[in-house]
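Two complexes follow with subunit A in common, the first pairing it with subunit B and the second with subunit C.
Our next item is the complex of A and B:
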């Protein structure tokens, strides 16, 4: 490059920037500039690397059986922990309960989130859109555990709802420490995630598409089924994957709203490590959870594509 | 034809969005089988008018009738109207054929007739064999054709075009204008076209409505609209027109003399004027003759001396912008008529301009 003529007339800011540029050129020469983008990947790679290391360690633990004589893991390798996890009816129930729960939560959440997202995108009044967005985000700021306790206040034995029920002379209902309570808590927790992943997909559908469909003879239900749903597919995939995997790995809701009666896999892992002091079994359960989650994501992505999570370039 | 009721009729139709008046008291009727173009600049209310006819918006006041029936309570999907959108709004997750099939299925055509109708309409728009193409695999012009076929396949009473050609390049746009004309004449469907392109309006329509600021300015066939614009807006919006402002000094029949800067011009008045009234004169670029300095044009009513300030070569013609000292700073635009023996007037050349009284149209100042 031609050398820039030095001028003391330049503002001090320019000269400082020029100096900074020269220093930067020494540290990171021009020839390396085409790799600058990759440099930005380093923090993310470090983070993933730490996770992978953790996963390898957990994988290692899972292959050692607990020695009941001294409550340490044996030196020898074995698949005993996996055998225990797979054959035990308790753990099988927990895994099936988690999968079924995740499926239920995903379906109901998407069902509730879609109209919400649609309204949030399409509402004519800016006020309506803002109201919907704020009411979506408000619970988002409150931690999951606080929200779970919020449900306890509402649904508990002496809770708001039961106060009303007993006021009218009925006996109080068992509204918490059961499966429906966990599902309810999870749905409320997942709703904002689903709406936020659906909204861009619905925004991407030009309003004229729906008007065109109407002018071609379709009423709104037909338009919804034939035009809006297929065109919102990327958002549906994205939000389903996120909601399903988050629910499958959830700990707080089953713990607090289930009260130990409806453990999900994460609760069993916790128990394995800290109640039974059997880190080998806990690790094996962790590996099973990771495998299940990954398998689900891989299957969905290979069947339906990556949706809004893939940032695919060929978008119409 | 004259006796049958109009297919579309608008009676005192207005549309307000809050304080903004998008359409102001529109009245017109459209006979079956004709092509109407609503022409106007962006934001003049033409698209709102079209959307009210389609049923996407409802008028704030007034009544829209289709086939003599008021349609306020009829939802879009019950109206027999095909619409081609500005962005076409083709369904990207369907093939060309499926797009054309969609209205036939939604409108419950007998399933056994559908494949034949799809073939027929794809044939009409010359897309035979393109049935299984995805929308993104088609070119811009082909997508236009699919949109037209989709809007026509269910044999609607009325076809609405919302500037579908505006996104195309000039050559393709002009090609599609003629194509539209051909298809319209073949099928005979009543059409309302909305555009800001005056050429498109002149080429495609039996009748043109010019709109500005929500109000209809003039409604006429293309030739009378061009020859006899009813007001200043229409005169200046269509064609390349030079405008001169002045004050009336004398009127005699339809001829009006008005004072502009340091000269007096003779013009053709559409309405009565008082002496002393402020007026605007409009002269089309093709009505002005341009001559070299030394010649004196004969049998011309207005003769002015001027200097060429711009010379624009447009390929098929030369456009001059001439500054006449006697008119002040207002430039006059001239199309050169003489392609056979081009007399080139260069920038800075002194020239003589002339035109006939009947071609200088005089309107009251707005």
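Our next item is the complex of A and C:
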């Protein structure tokens, strides 16, 4: 009773905080406090859980064939959609085109992004760094669709480049609605992602390591090959995985710059779900896409090891 | 001030205007509506195509409906193929569908009807007296109502054809037009024509589409562009193409906006098709009622005249004169002999075969 009497003399704020603490202790007992850090993972785990649930549903749809009599999926299970996806020359071409495109875009983007990121990190002049950073972020404010249309304006039959070409008396060039145009659009779209993933890895390389290499007589190319590249491996792996998977799943660039004849897998999925009203086939193609993307990540990590991304336990 | 003398026969100005508006609305909308006690929703959402299509629906139907009923009409420009699974999912999951009225191709609408997600419109008062074209073929009742016909014409840039309009669809195969020909990206509007252009006959459809596929294989060498309605206008505008198989509305809209485009029906003919309106199941009763009244209003002479004149398409309401610029035009069939030049494939055949045709079309052009 005494303690109650005493506590009643405490300011209201203290008493409210005490009450909040008691409620918190009920919800999250003191014995569990060592696991508090894991609690912060809950939103991420929930998000992944929702995605997995969605994927299970899609996987389920993929096992039912479309009934053209009523445009509903049949009750019976079958692998017809997978058979269609695997045996159709259309889908085989689309898958190979997507994989090859993703490979090309990844290689070219990393090749362009590395010097950009290196210069952005190592530039002595603050103005240079700011200029490179702003140039990098500016496209982020312009969506992918707008950027694709920007290419149409530049590369179109009556676009900027063709105006210059025809001004000098040459025939206009076929610069859009083909595979190279899609690859070009994707490289431009992916470049900022690659630079942003490479920059922290390059920042983590101690400048003194490069200076030490050079002071021992190494040419800058040798320093680059033997010091910078190996130490930037986590950034290279991370950006390659991100660029490859984003390209593999891209829809807008092939749709806008491809002229309708250079579809990627995502475009075929769209056609399956929306144009054909065949959610079973669309789902089967989605599962193939997820499998391909996952397989790529698994292969990369099994070759390079997850430690390249800083996931390995550090020895003391 | 409240009227304390309800039996007073004299009307003030406000009462007179209100009564007149109700009577006018009643006449426009048909019997029943003016006295309906169904609660009015704040708005009716109608899925529509954008550009000149949406403008025509707004001016021809939506504005008049709002004026008559006080209900706002919001046009939803979600792509027709994209709204379809959204509606289906909503109905399957017991949710209220995202739109009240779907302005759709008859083929797509028929697919939704086969799935059983459409409301029967047989009780609409304005169905009486419409052309037989309004009735969906091979379906029980009116799960949708066709509102006009349209033709997939051969649109061309006159500058690229100095000797006159193209006489045959085979001109698409001329190497001179490499990369300068356009089709819809699912072959819609051209699949039956390709059979005839490829040496087949109408009887070959749908069992023997090989002449059409052979035509497509040859056309592939000319690297045609594949796109949607909006793309055709852009491509003509930017000088990207010389020739396209597109709906006459797009060609006319391009011409009206100053682009040098003309159109013709080549000797092999053109495909004629219809669009329609339908209502998804699962709407609250009052909203379904007013959605029906929207469609009923769209079938009135006034609405049909204005809407279809703006589109440049022959309506299902009989006796409406074509717009001045389309009198005698091949893309505006009015007489039986006009229809002889056109090919109409029944919706049932389209619904059953379009997925196969699309798969083959894709195989040829994506392969």
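Quick note on the criterion: the second predicted complex is superposed on the first by the 273 of 316 C-alpha atoms of A that agree within 3 Å, B and C clash if a C-alpha of one lies under 4 Å from a C-alpha of the other, contacts with A are read in each partner's own complex, and residues count from 1 in each chain.
By our rule, a contact is a pair of C-beta atoms (placed from the backbone, for glycine too) under 8 Å apart; a residue touches a chain by one contact, two chains touch by 3 or more.
Being a predicted model, the structure only gives us computed values, none of them experimental.
Subunit A is touched at more residues by one of its partners, and among subunit B and subunit C that partner is C. When both complexes are overlaid on chain A, the residue A:222 reaches subunit B alone and has no touch with subunit C. Once the two complexes are laid over each other on the shared chain, residue contacts for A:80 go to neither subunit B nor subunit C. When the two complexes are overlaid on their common chain A, residue A:98 makes contact with neither subunit B nor subunit C. Shared-chain residue A:239: touches no atom of subunit B or subunit C.
Of the two partner chains placed around the shared chain by superposition, subunit B is the only one that A:213 touches, whereas subunit C remains out of contact.
No residue of subunit A lies at the contact with subunit B in one complex and also at the contact with subunit C in the other. Residue ranges of subunit C in contact with subunit A, taken from their complex: 79, 81-82, 84-85, 111-112, 114-116, 179, 185-186, 223-227, 238-240, 351-352, 355, 358-359, 362-363, 365-367. Residues of subunit A that touch subunit C in their complex: 66, 68-72, 88-90, 93-94, 156-158, 174, 177, 259-263, 268, 271, 273-279. The touching residues of subunit B, counted against subunit A in their complex, run 54-56, 75-77, 79, 81-83, 85-87, 89, 91-93, 102-103, 106-107, 135-136, 150-151, 154. Residue ranges of subunit A in contact with subunit B, taken from their complex: 206, 208-209, 211-219, 222, 226-227, 230-231, 233, 316.
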